[in-house]
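Pasting the structures here.
What follows is chain A paired twice: with chain B in the first complex and chain C in the second.
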Partner chain A sequence: MSDSDQKGNGDIVPEARLRDVGANRASDKERPRDEDRRTVLRVGVTTAMAAGAVALGLGLRAREGHGKSKTLPKVKDHRVAKVAGAVEMAIVRGPDAAANVRRAVEAVGGMGRFVKRGERVVIKPNIGWNRLPEQAANTNPEVVAEVVRLVAAAGAGKIWVTDVSVNTAEQCFARSGIEKAARAAGAIVVRPEATAFREVDVAGKLLRTGDVLYPFVDADRVINVPVVKQHSLSGATMALKNWYGVLGGQRVKLHQNIHLSIVDLAAMMKPTLTIMDATRILLANGPTGGSLADVKQMDTIAVGTDEVALDAFGAGLLGLSPGDLGFIIEGMKAGLGTSDWRSLKTEELGG
Partner chain B sequence: MFLWLRRSYQVVFLLFFLFLVLASTSIFIRSYDVQWFLELDPLVALTTALASGTLHKALWWSLPLIVLTLVFGRFFCSWMCPMGVLHHLLGHLGRKRKVLDRMKQNLPRPSHKIKYAILAVMLGLAAAGSVQIGLLDPIASTWRGLSTSFLPAASNTAYGLYQGERHFQWGTLITIVFFGALALNFVYPRFYCRVLCPLGALLGLLSKFSLFRISKDPSKCNDCDVCGADCQGAADPQGTVRATECMVCLNCTKGCKRGGIAYRFLPALKLSKTSTDLSRRKWITAGIAGVVAVPLARASDGVDPRPNPARIRPPGAHDEPDFLSKCLKCDACMKVCPTGGLQPALLEAGIEGFWSPILIPRIGYCEHSCTLCGQICPTGAIRHLKVADKIGNMPEKPPTRIGSAFFDKGRCLPWGYGTECIVCEEVCPTSHKAIYFKLDTITTRDGKQKTLKFPYVDLDHCTGCGICENRCPVVDRAGVRVSAANESRTPKSSMSLTGGRI
Partner chain C sequence: MRYLLFAVLALVPLALVGTLVWQGNKAPPAEHAAARPAGGDADAVLRGLFDFKLAAAKIKEKISLYDDKGLFDYIDGAAPIFIERHFRKLAATELSTPEGSDLVCDVYDMATPDNAQSIFDKEKSAQAKPVEDWPGAIAGPMSFVFHQARYYVKLTAFDAKAEAALPLVARALKEKMK
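For the complex of A and B:
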């Protein structure tokens, strides 16, 4: 018979157990201190585990109102001080879009007036749609590249180019030509990935909080580079409406009160400078476009610090009256600027 | 030395496979032939050719593999197959420690002939017009497991850094099948390769004619049987080597200290066995079962008798019967789709279309000028459209429609609640816009007059891309939804007389 068979025998096992118990008793007398120590240890371990469980439970207890006191960051005021007597708005027409940008920025005092050495600057074109430059649904890439170069020449410490696209961002950034042009000009192109957003306090009349791309929270200066397009709901999308593109999240809800939403976002952003691209404008089927039949070549760049005035000018290019556009009326009420752009000190340069 | 050569090949091919899967995104793909591994697969070529009557041109890549297998045997499994490499590695999970136990573990078993029955059923299905091979084919399975299970999980955990957030409907099933196949190595090493793999079965059949084979040298062998201890294919090298099971891993040559077993050119025929052990009766029965299963399945769901509104096929997909005669369910199109809207079907396309691609617009829409799904499709189930053919040029040339949009007026904000919205019209990518609006004045609850924009669909312009449904601010079930009706791949789906297709 093998060992295992013996162990399985019912008669042998209980006897062996009895013997073991007797042996333990004998050792009790010999080493009582060991037994005491073991008891203390066991009680100690159990007590520590119990105390730990209670402490962990209390620590994890959900507190009433937990998290409500969190204060959200606000977007900075990016404007620079006005210079008395300076040109407030420049309109340049000519066949070379980049040259138009240079001349217009020069006319309002040069980029050095708006961007100081070492400042971090974010440039916000419209990169909303998966369209080619000729279709005029996005800002012209040459215009964006020229703005990047001017900002770089002014000595900016960091230059971001970013937007929250409506179509798939990687395709919009590629097909608009903006990603390539802006990178070649020396900018950091930030795609609107999930990790790129920060929640901010919008502090608007309608909008309270929103998720904004981080360059708009971190930057010292913001330059708006919109394109001029017809838009079915708001009438047009130009400078003020371009601020939709800083937002992530469920921004399609803003359409329920589009004009106030536009004004709230523009009031939050307070850009340093606006460079409006009307090289090609989209007259119909906006803001997406698609057909070249709806595109009109205007070869115009308008630059200024008053977004309402620039939008009023842009409305004229689209054949609209500023008084027809709700966001211009609301923008004036909110003190963002004047729709009477001719009342500003304006310089117009031909090509 | 040859073992190290084999290991190097395995690592290189596994990394190359991973690289191709990772490169199949809208940013990286460019015009690279990332689907090369799927085109290389002779089983893909054979079944799609049987089912559709044509051989998609890229599938010529399988010919070199067929020729090499006829010369060198079933080397693919142990030298190239990405799933084979994974199983080779994970085989160590179920590998016994003692040499004697391993020799027992790697003996041929009656269950190893199941794969030949599976192959016969699959070929029968294909002959009757239904390609189901992708469910078990190792290349398609690995592609699918990585694309719609492993990589989305990894990328989502890393905050979507790789390809953004990705979610696949009931991807859990794909996870269970993919990781379940790998876990079978706990039963014994390379369980999947030995028992289930239909590609291994096909290559095994070709190996019956192989010129190079593992064979014993009876004058040197002292029947110690150690050669069988690490045999990957359970090919019985200690007995009479089975040419159909041998994966040419060359482990047996390492075990033998006497040079009694080697890979040789034209060894004597009696030194290897070429029977699959599956009786002719079973081969024929399994084949017939496959053929008969197709009309049986179609008597239940059919391919087209009651089209499911959710069966929205990718742009360029062939008419449903043609599509099902080519689609592998490899999920390559789902991987490359820039919005992640292409999803594995559950029952939307009937039992035959299980795991085939459908667009779920709430998850992702079809990009207006994107044709990547057709570019990557290894079998041509989705045609590679030119952008101009996809977007068309109305009124002369209609676009490629995958469905059309319908308003649910109880859920649409302007129609149901008198609230301003019109997001669907804004994002509509066609020119002219397929979604347009009319101004209308309504009387609100408190008796005031309110004028707002009410959206409508123009059927002739709508492509069914689904961006309206995707962006509709009405959460969960949108106020505008796309169904497959009016898709242009077949006149049967057309609702409009425009174009004159009856």
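For the complex of A and C:
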């Protein structure tokens, strides 16, 4: 097949050649077909250019945060400097949850390594659900209370305990036992009232901005205290996923691409310390739970600064491997930590 | 003309994919959907399920309704497994026993009885015990779960007294669903 044959099958050819082809075989009747073809081409090109302009406009609008030109505050980096040779992750097993917290925090250098005198500290348990401690949908209140006591003993100037509950906050804070336990230990318990949020620059891949509960914006130090649970959509909810609880607004938008949303929020928060509660874990029907048939007593606390490593350890408790969980994979890609928790300097203590 | 032909040909696979997606999410078969009231009537039917008199438990608070978007604000990441099984609406409320013990009652209105059975099977805990003379029900400590007609119901207790009331509330709801 010659070059001219191929062109003749429909590709664009120079106008002069079209005229030549027309001179060789065309009668006046065929001229309008050339005109039609040019018209189709003109319309096609114009449409493509218009579509491109619209796409460019939408893209620029999205980059600039839907047209908002104001500069939003960012959440601080709450981490402390690493100490050479220090234990990076501690796992403690035993029947006394509060004692497990004390021993694990001591193993990674003590609370004084993470909280200095006068600092404002926010403690973030999971208080998402209208459930009892025995139902294992929320963080164990004894664990939260012990964290408050350790932070107070380190000399913190202000201690907040808060979460953005999924169910009605009043019910969740009361029924979880966390409100009472945290107050008794000396914390200020902040319920997520509508006026308690501030818009911040999330600067994530998916989430550009978000309304964050004010203690997370104001605090000098942030301590993540998640519970280990199965989760129907993400596979599990532990340290990284716990940051869903800093945001206000409708939750449906966070579930469009759950793994990337989790990583966006974890990258924004950068906590000082994570104290993971596996006293009781929810093996099925998470995140809500309800039946004690789905709960397993594990009597375990894991503490560290690498949330990806802690989640990888927690995955094992749920019978999963880190590779089963998209947010662990995405978290590693984003440089938030390692799923190979055994590669860290780890201390495991029995009861 | 040739461009038009190419454009039509290019649209064929898109149309095929679109049809397949639509088939997967379309409304239930007419024989199920026809008997079902719509809009405000459906909400009234759902609320009406709680219109029972029991000595064991009374409604403590208003009944909250959640559609497929609001469902995330009540059960978070568990919502998609309901939505993909043609969830229509959730009615949730808290009940209280005469002794002051609380229990939560969640009634999920699914499109068809098959959808209700599907979510029941999906969430059924291996550790939960079957209920005598009620094949579509299981009881775990602190919980009672069943499906009846197009409804999937989860009852959750917060202490032993509320737990004792769960089967009574479940049977009262079941009667209203017939």
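Methods note: the second predicted complex is superposed on the first by the 282 of 351 C-alpha atoms of A that agree within 3 Å, B and C clash if a C-alpha of one lies under 4 Å from a C-alpha of the other, contacts with A are read in each partner's own complex, and residues count from 1 in each chain.
The rule is short, and it goes like this: contacts are C-beta pairs under 8 Å (C-beta built on N, C-alpha and C of every residue); 3 or more make two chains touch, one makes a residue touch a chain.
A quick note: this is a predicted structure, and the numbers were derived from the prediction, not measured.
Novice: After aligning the two structures on chain A, examine chain B and chain C and state clash or fit.
Specialist: clash
Novice: Applying the document's definition of touch, where does A:194 land relative to chain B and chain C: first, second, both, or neither?
Specialist: Touch partner of A:194: chain B, not chain C.
Novice: Of the partners chain B and chain C, which touch A:287 in the superposed model: first, second, both, neither?
Specialist: A:287 contacts both chain B and chain C.
Novice: Is A:233 contacted by the first partner chain B, the second partner chain C, both or neither?
Specialist: both
Novice: So, does A:44 touch the first partner chain B, the second partner chain C, both, or neither?
Specialist: second
Novice: Which partner does A:130 contact after superposing on A: first (chain B), second (chain C), both, neither?
Specialist: In the superposed model, A:130 contacts both chain B and chain C.
Novice: Which of the two, chain B or chain C, is in touch with more residues of chain A?
Specialist: Looking at chain B versus chain C, the one contacting more residues of chain A is C.
Novice: Look at A:175 in the shared chain and tell me whether it touches chain B only, chain C only, both, or neither; answer first, second, both or neither.
Specialist: Both partners, chain B and chain C.
Novice: Quick check on the superposed pair: does A:166 touch chain B, chain C, both, or neither? Answer first, second, both or neither.
Specialist: both
Novice: Where does A:256 make contact in the superposed view: on chain B (first), on chain C (second), on both, or on neither?
Specialist: Only chain B is touched by A:256; chain C is not.
Novice: Of the residues on chain A, which ones does chain B touch that chain C also touches?
Specialist: 130, 166-167, 171, 175, 231-233, 250, 252, 255, 258, 285, 287-288, 290-291, 294
Novice: Looking at the complex, which residues from chain A come into contact with chain B?
Specialist: 129-130, 166-168, 170-171, 174-175, 193-195, 231-233, 250, 252-253, 255-258, 285, 287-291, 294
Novice: Spell out the residues on chain A that touch chain C in their complex, using ranges where they run on.
Specialist: Chain A reaches chain C through residues 10, 33, 36-37, 40-41, 44, 128, 130-132, 134-135, 166-167, 171, 175, 231-234, 237, 244, 250-252, 254-255, 258, 284-288, 290-294.
Novice: Considering only the defined contacts, which chain B positions touch chain A in the complex?
Specialist: 26-27, 159-161, 164-165, 338-339, 367-370, 391, 413, 419-423, 425-433, 437, 453, 467, 471-473
Novice: Write out the stretch or stretches of chain C touching chain A in their complex.
Specialist: 1-4, 69, 72-81, 94, 104, 123, 125-128, 140-143, 145, 154, 156, 158
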